[in-house]
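In the two assemblies presented below, subunit A is common to both, partnered first by subunit B and then by subunit C.
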Partner chain A sequence: MGRIGTAVLWAVALLLGSGVSAQTLRIGVVGPMAFVQGEHTWYGATLAAEEINRAGGVQIGNQRYRIELIRVDTNEMTSVTDAATAVERAITAQRVDFLMGGFRSEAVLAMTEVAADYRKIFIITGAGLDGLLAGRVDRNYERFKYLFRVSPNKSSDLARTSLLLAAEVVQAVRQQLGIPRPRVAILAERAAWADPLVETAGRLFAAPPPQGYGAEVVGTWRPSATATDVTPELTAIQRAGAQVIFTVLSGPVGVPFGRDWGRLRIPAAPVGINVEAQQETWLRATDNLGTYVATLNSLAPGVAITPRTIPFISNFQARFRQFPIYTASGAYGALYILAEALTRAGTTNVDAVVRALEATDYTGATGRIVFDRTHDVTWGPGYTTGLGVQWVGGRMQAFWPRNWQVEGRVVSYAGVRPYELPPWVVEAWRR
Partner chain B sequence: MLAAILVNGLVLSGIYGMLALGFALTYGVARILNLAHTAFYMAAAYALFFFLGLMGFAPAALLSALLVLGLALLAYWFFLEPLKEYEATVLIVTIALALLLQEVALLLFGGHFRSVPALLPGFVEILGVRVAQQALLALLFAGGVLLLAWAFLKGTRLGLSIRAAAQDQEAAELLGISLSRAGYWAVGLGALLAALAGLAVAPMATLEPHMWMPPLLVVLAAVVLGGLGSLPGALLGALVLAFAEVTVVNLVPGGAFLRTAVALLILVLVLVLRPEGLFGASFAEER
Partner chain C sequence: MTGPLRVWSLPWALLYLRHEVLALPGRTLALLFVLFLLLFPLFSQDPYWLRVLTLTAIFALYAASWDLLSGYTGQVSLGHAFFFGLSGYTSAILGRETGLSPALTIPLGALLATLAGVLVGLPSLRVRGPYLSLVTLAFPIIATGLIFLFPRFTGGELGLSGLPRLGQSRLEEYYLVVVIFLISLLILWKLAGSRIGLLFHAVREDEAAVRMVGVNTVRLKLLAFAVSALFAGIAGGLYAHYLRVAGPDSLSLFNSIQPVIWSVFGGIATIYGPVAGTFLLFPILEILRVTEELRMLAFALLILLVMRFLPQGVVRGVLDRLEEVCPRCKVRNAFTRRHCRACGVELHLPAAKEVKP
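What follows is the complex of A and B.
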């Protein structure tokens, strides 16, 4: 073959090569990959990418695109700066087309600034701060229209659900223990996101029914989110005579809380938010002392929120041998939402994709996802609300929503069982 | 409330005391401000977690303590002794060592929270306060370790030479005490105390790679409060800070997150009124 023939072959190979790369969508999956939150973001996205690619890829116009995931370790648990740098590197060096993931609100705030600067669509799947979208997308649409959130519900909606869970426990104390005015202790980590929840909870618990819960608040304890010992706080709560502990814990303090509470058999039932208790590893992490702890969660074994819930959990467990946390279901849903939006848009043009994303109406594993005007996931019956789960008999089981009456309808999922008061709470307070 | 403060304060004092004594020994004798001290404590806790998967508690604890001891002596031999004249460099090297241990733990065990089963489950009531039996065991263990360390330092020739080196290095050298040998012993003993504290805390705490940071702050404060280089001072400093923390939680529940901040405020106040700390040489002089 002569020199000209070789050159032609090279040119053909290059053209073919460029054709192949043009038919690949590069999705940056961002998160703290050494931690379960980031790991599950990656797993959720991987499962969705494998399913989509197996089904032939994403149809955009008259072309089919394969999804290629780029793992972006943000180190966001320890450094917000690292997180922003990782996202910038993903955009400029790794040339990702879209971004999804993120866990720590402070870090996601910085990462989404970078994404907005580069006009990259970023679908949040792990951080709950209201202000990630509210006050940004609605007030400065042109700059922040690229940001969307699939999971979790924003902090103020998480507050609504966690207070509904607390109502179940207050009611259980009232009915099963015969205490007309249960005493509630609030244990909330010292963090900005927890402040409004503490204030609202305090007011709501103390207010008389039907607006409030008719309970007595015996005090509010605010340990650090990274405290490694909450024995003094629990001793004081026990001394205050509380029957219920309303927890607002997203940090690692959730684990020492579960251990110390179970070890000391504190006669007060914990309920609220404890992110550590949402994970499959909870009982192992607490040396099996965290049994009976109740928390807000997004999935529970055997509970079909939508027809997609059980297949998602089964496929995830078959592929990764773990029970998915909310970042996994979020990332899984985010990739499908993005793929469907790209198909609807018929182009990868960013403005067209933003418009298509805004029109999302997707039923995922954790509920129906419709974005509101701030590009946030809508909360409420018929959309996504979360689940109340409790650790009983060595496993996580759901206790809410169960016959939840709201807006003229009753919400209940198959597999949801009644809440169980810890036996030592019953023993200490039964009259 | 007084009972709760007393009981919880004592338990916390035992743990802080072990850590502070080891830190003070290392500084007092080898003149090394070892910021990796609590990283050794973390390493011991993780080693215990790992070895417990392979063997019983006693051999796992022994192996963990020996591993950390070996690690500390190697670090001293390779990095710290040759550099100990350069205080700033030593600080940087020890913090680098701590971060290295943290990253190794992260690599080997991930960011997951781990736990070590308690030797003594359940709780007892003391003065109406519920105390985990494991915490009482840790307190007894800490008390025993501190007494043994004290007996060693007070009752043996080697202990005498270590104390002499801690008190006045030049005079000790004139009396024929090998500062290098005393340094090795002090570093070894300090690391061993950190490892034992880690072993005592592991069945009560949650293991995660960053667990070395919060106690480091308290230990630094305790030894400065007690008087930099003073061994009894370090113990007293630990006691004061532990009780300050527990008192804050009990008296100001809404400000429980301030427990360490209030303890540090006490440190600042003491240093303003008595710059040399409760015992020992002035911090300003030491610098």
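What follows is the complex of A and C.
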């Protein structure tokens, strides 16, 4: 081939190359990639990007765009500085068009400040604290209108759900064990986020029905979030005569709790938040002693929250050989929501996309997603609710919402089974 | 040349530059470093690299402040983040409550950090060595506890966000931080080289001996804590407003350990050592982002290797290869010189011949 031929080939290649890059949407997937939360954010986004690209990409106006994901490891568990700098690098050096992900709330706060500086849309898929959006989007709309949250439900809503799960277990104790006023122990890790939940739970358990649960709170125990032994707390709970343990655990203490609780056969049923028990590795981590533990979760095997839930779980498991955690379903949904908003907007103009995102009404794997005025995901019947799951028979199964009656509506998902009290709890308290 | 040289005259400056700066590789490197910082935006205004350099300057000041206390005086602080975070929080809260600008709230935050430095220094009058380190470690933990205790005031777990910016643009912020950093560094360097700096040294080596010659070591140690906390506070205030967030992370153990790593890597008890350590390690960690999985591993290996082959720190290790001390007058010379630039003594004496009996 002569020089002219080579030059023509180069020119064609450059033209094609420039054409392709002009029709690519670069999405920065942000997270602590060395941790399961970040890894699943990436997996969820990858699955969605592959599906969208296979279907021809995103239609924006007259053009179709392919999605290109940019992996942004924020190292946010260790350093907030690192996280904010990673986002700036993603925006300025890696030229991402949109951002999604984030897990640790304090780091997400710093990251979203950078995103707001550059007017980049940032869809949060892992951090739950209310203050990431409330008090920012509503009070300083012009600066923070680019922030949205798809998952999880904000902390206060997670608290509501966990208390609803506790109500199920209190009811089970009342009906199956014949104890009219069940005794509840509160076991919450020593962390700021747990404080309001402990306070609310204490009040709600003790208040008479219909406002409260008509139970008796026997005490509150606050181990460290990184404690490796909770035997003293559990022994004290047993001595206090509790039939239910309301757990508020997000840290690694969840595993020793499950192990010690099962090993000591504590006659009190645990329910609430235990992030460690949300993962499929739970039974292995607790030497199979964590069976019957119940926790709030977003997905459970075989439970079809929407028609999209089972296909999402199946495809995810087929592709990554793992059960998806909430950051995976969040990132998966976030990418579809963004793609649909871009199509509706018909342009990549940021303000138009923000307006289109605000009009989102998307049914995803974890429920119907509609943003409220703070750009947060709406919680409740008909929207996203979360799931109550319990480890029974070596697998995770959902027990809530099952015939949950609220404002004249009954909320129930296919595949949800009744809650089962641990047999040694039944044995200890049956009258 | 006719007439006496005035201190600020151009010929004096040129002579000083030639004989006192360019004559020594270390000082030449320092001059190049200052020029690089001041002129970098002429060549690139990439916001990402401006951010990296700005944060590096803030952390370098923080590390230098640790060095003044722990390197010079030997009062090893493992809770230096207390001053850094306290100032950041103070500046953030003052700004929110009173509406004052960062130009006022950062100095006020640094002032409170100075007072806190005296408070933290008080235990140093009774405990020493590892016990003092453990005592200093307790302070950021106490501060974190207080932050969680009053979440409405401090923002709790999330911290305080939306702080006012340091400047209108990344470039303005860069120059503001770099100028504050260079001035602070000059003050720290001058202080470390002054009589007080010598006394700091002496306290580290033998406190009892210093007391025996009539020096008030209590006052000296408290002074070291106060000055160190002041500059850590300035760094903390700048950091909070640069990141626009004052959160519990600024008080974390990791944040207390970082200046120790930077200082030991660069060379302790030098002031410029921690600066070099930070300006090497912080950008390297950024460059290593290209190998996401191996980033921290490569970083740790680099530190291990440097510590193995340059145990006294990068700066001392490199300077010892580039410069030589005159055996007679103790003046430093470039390694290329054959005779001392001050007294003319031959620097490379031939090895003495062995006399056989």
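Everything below uses one rule, namely that the second predicted complex is superposed on the first by the 415 of 431 C-alpha atoms of A that agree within 3 Å, B and C clash if a C-alpha of one lies under 4 Å from a C-alpha of the other, contacts with A are read in each partner's own complex, and residues count from 1 in each chain.
One rule holds for everything that comes next: contacts are C-beta pairs under 8 Å (C-beta built on N, C-alpha and C of every residue); 3 or more make two chains touch, one makes a residue touch a chain.
Keep in mind the model is a prediction, meaning the values are calculated, not measured.
When the two complexes are overlaid on their common chain A, residue A:E276 makes contact with subunit B while staying clear of subunit C.
With both structures placed on the common chain, the touch criterion links A:A84 to subunit C but leaves subunit B unconnected. With both complexes superposed, B is the one of subunit B and subunit C in contact with more subunit A residues. Within the superposed three-chain model, A:S224 lies in touch with subunit B and out of touch with subunit C [touch as defined at top]. When the two complexes are overlaid on their common chain A, residue A:D260 makes contact with subunit B while staying clear of subunit C.
When the two complexes are overlaid on their common chain A, residue A:T92 makes contact with subunit C while staying clear of subunit B. By the touch criterion stated above, A:I60 is placed in contact with neither subunit B nor subunit C. Touch criterion met: A:R136 reaches subunit C, while subunit B stays clear of it. By the touch criterion defined above, A:A331 lies against neither subunit B nor subunit C after alignment on the C-alpha atoms of chain A. In the superposition on chain A, the residues of subunit A contacting both subunit B and subunit C are 34, 78.
Of all residues in subunit B, those touching subunit A in their complex are 1, 4, 8, 11-12, 106-107, 110-118, 121-123, 129-132, 134-135, 203-206, 208, 210-211, 214, 245-246, 249-250, 253-257, 259-260. Listed in rising order, the residues of subunit A touching subunit C in the complex are 33-34, 71, 73, 75, 78-82, 84-86, 88-89, 92-93, 105-107, 109-110, 113, 129, 131-132, 136, 140, 191-193, 195.
Residues 32, 34-36, 39, 77-78, 189-190, 219-224, 226-229, 231-233, 235-236, 238-239, 252, 255-256, 259-260, 263-266, 276, 281, 284-287 of subunit A touch subunit B in their complex.
Put simply, subunit C touches subunit A in their complex at residues 46-48, 51-52, 55, 148, 151, 155-159, 161-162, 239, 243-245, 247-250, 254, 285-286, 289, 292-293, 295-296.
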